[in-house]
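In the two assemblies presented below, subunit A is common to both, partnered first by subunit B and then by subunit C.
For the complex of A and B:
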């Protein structure tokens, strides 16, 4: 016996069981893969698959509740993959540094810094201005985490494909500061929402714009990081 | 209809990611994950989760970029990870 509230449409209720079974199958396959694999990088990719199973499970709830739960799930998954990838890289670098001298000669031939890679694609010379403009405008219109992700994607693409390399340190620090201030804006908006509910519209916009700036600036930094790696000449 | 297409894509994509052809190469494995991701997008579409779908697409693009960066980085330093 499952209790279904009246606001849930019948189609959502009828699709609930198939979706949950699907999530279980996908999650089981992903976890089996993780159990079999030995190499860390493969395990990292398979973790992504288990994350998809988690999202299917949440989406099966339907209604706005699911949407409110999917967004934090995505954020956590993104942050987790970024952190683990950094740990993987630094661990492998330390392993090579501590290796036997004979291995070290071989290791030095592959420098620990990435070698220059010529990325010469049409889309990266003609499109960035237009695509970045459209995505930032649309993201600003959406606000909130979704808007931040959309606008951040535009900024990431723009910064990644422009020729000029090497942001001055002050700019990177500045982007970090914007991100911190907007995080405060979000928290203040959220707290005041409970203290002074009569200003809900102002507080809603404070929180939404804070989150928008925060996510967009963070994704912009990822773009700068990627360009430093791939555009060395 | 979309829902079951999404289910089939998600299951096929996850099988392909775990045991599919050529998954010894991490890049192939990453691209196979995308198949399952398309299945999930279709399921979001059925449930009318507009915001979730849009955020998911943006987040998937960034995740793929991060994964590709790790893979190329690890291959360059010649690590056997």
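For the complex of A and C:
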């Protein structure tokens, strides 16, 4: 059974096995590192290495279907690492809360400690409006996942720099809702694409714009969440 | 093995391009059972744990606050829906994604508690779940590379090759780690000390149902 079409050069097709072996070596190295490390935060970071090996393994297939599988794999990986790091932070905070009086704690080291960010850079006072505008416009022009990432980076930078200067940011509580609704737009576009392929252009734009809004607002959400870290100061 | 041998007569298929969902009595039964359980859990209220105190005759009560209750109920419903999705889907990669979602949500359900022990267990389980995403997705990708399809309906008609069997073994390791069953259960055991019982039940239920479905999927691939 030959599954590889003839237009694919032999060298590309022969790269599959080396890529799988590479993924296994990377995964094995990551697991060895996890076995050796003692601190929780280092284990968490090394776990991400194993996740990268997973991405290599999926990407090694190299078809467009595999490309569609890399994205969910990446998202799952990111979601898991965010959830686990959140657990790690809350656990360390509980430990600090329950700890003995301060004079006896000095000897004990915590593996991670959430600290407020303090930044003083010139680019944060002069550039944010312009850069954010350019990035959002360029992202809207690109659409899709890439555009969403670019525009989201702009929003993130804007919120970040305003917050670092101590200026108030309009609290956009509905930003999560925007993300959710545009995600629905993306999904509806996809489902209709299967059911009514003759409207492919409309559905393509629906999915692309939905994805753009979703990624951009989600990155903006990270910026909005960052406010909480400042409040702790 | 044939799909009808494993799940009973095929009631129908829903072709969505490459993804073909097929319905058998087995899938429908599991799907409905999970949905009923999810509905029951969504309606129920949390328990209040009563713990005996050491050295006295007093006892302390551990109850769940309203906001924590709401978050946890939401996550339990998501977990139930993901399990139901894993029961009915006919696509190999969708199953892996649903299982990964169950893993994340299980961590999320217990993440808001105050006990350090439970958080420790959730952290360990999360690490195992993340590591086992390598064999989980890697196995699915390997089966895709060997056969060119992810649809279980098509896979049941393809004779197994060594690469498919290797992929299936990877898949099994991944599912075992992600749901936290036997070899990895020690990481997860302490999580059940969390107060708020009915929502904790869905963690058990999801891994149980997923394993039953996973065995069917592996039999379809391997034989």
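Here are some notes:
Methods note: the second predicted complex is superposed on the first by the 187 of 233 C-alpha atoms of A that agree within 3 Å, B and C clash if a C-alpha of one lies under 4 Å from a C-alpha of the other, contacts with A are read in each partner's own complex, and residues count from 1 in each chain.
To be clear about the criterion, contacts are C-beta pairs under 8 Å (C-beta built on N, C-alpha and C of every residue); 3 or more make two chains touch, one makes a residue touch a chain.
The structure displayed is predicted, hence computed values, not measured ones.
When both complexes are superposed on subunit A, subunit B and subunit C fit side by side without a clash.
Once the two complexes are laid over each other on the shared chain, residue contacts for A:47 go to subunit C alone; subunit B is not touched. For subunit A, the partner that touches more of its residues is B, with subunit B and subunit C as the two candidates.
Once the two complexes are laid over each other on the shared chain, residue contacts for A:57 go to subunit C alone; subunit B is not touched.
By the touch criterion stated above, A:79 is placed in contact with subunit C alone, subunit B being left untouched. Once the two complexes are overlaid on the shared chain, A:39 sits against subunit B while remaining clear of subunit C. In the overlay built on the shared chain, the residue A:95 is in contact with subunit B and with subunit C.
After overlaying the two complexes on the shared chain, residue contacts for A:149 are found with subunit B alone; subunit C is out of touch. With both structures placed on the common chain, the touch criterion links A:65 to subunit C but leaves subunit B unconnected. In the composite built from the two structures, the nearest CA pair linking subunit B and subunit C is 10 Å apart. Subunit A uses residues 40, 44, 48, 53, 66, 77, 81, 88, 95 to touch subunit B in one structure and subunit C in the other.
Looking at the complex, you find that subunit A touches subunit C at residues 3, 16, 20, 23, 27, 31, 34, 40, 43-44, 47-48, 50-51, 53-54, 57-58, 60-61, 63, 65-66, 69, 72-73, 76-77, 79-81, 83-84, 86-88, 90-91, 94-95, 98, 191, 194. On subunit B, the positions that touch subunit A within their shared complex are 3, 7, 10-11, 14-15, 17-19, 23, 26, 29-30, 33, 36-37, 40, 43-44, 46-47, 49, 51-52, 54-56, 58-59, 61-63, 65-67, 69-74, 76-81. Here subunit A touches subunit B in the complex through residues 12, 15, 18-19, 22, 25-26, 29-30, 32-33, 36, 39-42, 44-46, 48-49, 52-53, 55-56, 59, 62, 66-67, 70-71, 74, 77-78, 81-82, 85, 88-89, 92-93, 95-96, 106-107, 110-112, 114-115, 142, 144-146, 149-150, 152-153, 156, 219, 222, 226, 229, going by the rule given at the top. Residues of subunit C touching subunit A in their complex: 16-18, 93, 97, 100-101, 103-104, 107-108, 111, 114, 116, 119-120, 122-123, 126-127, 129-131, 133-134, 136-138, 140-142, 144-145, 147-148, 150.
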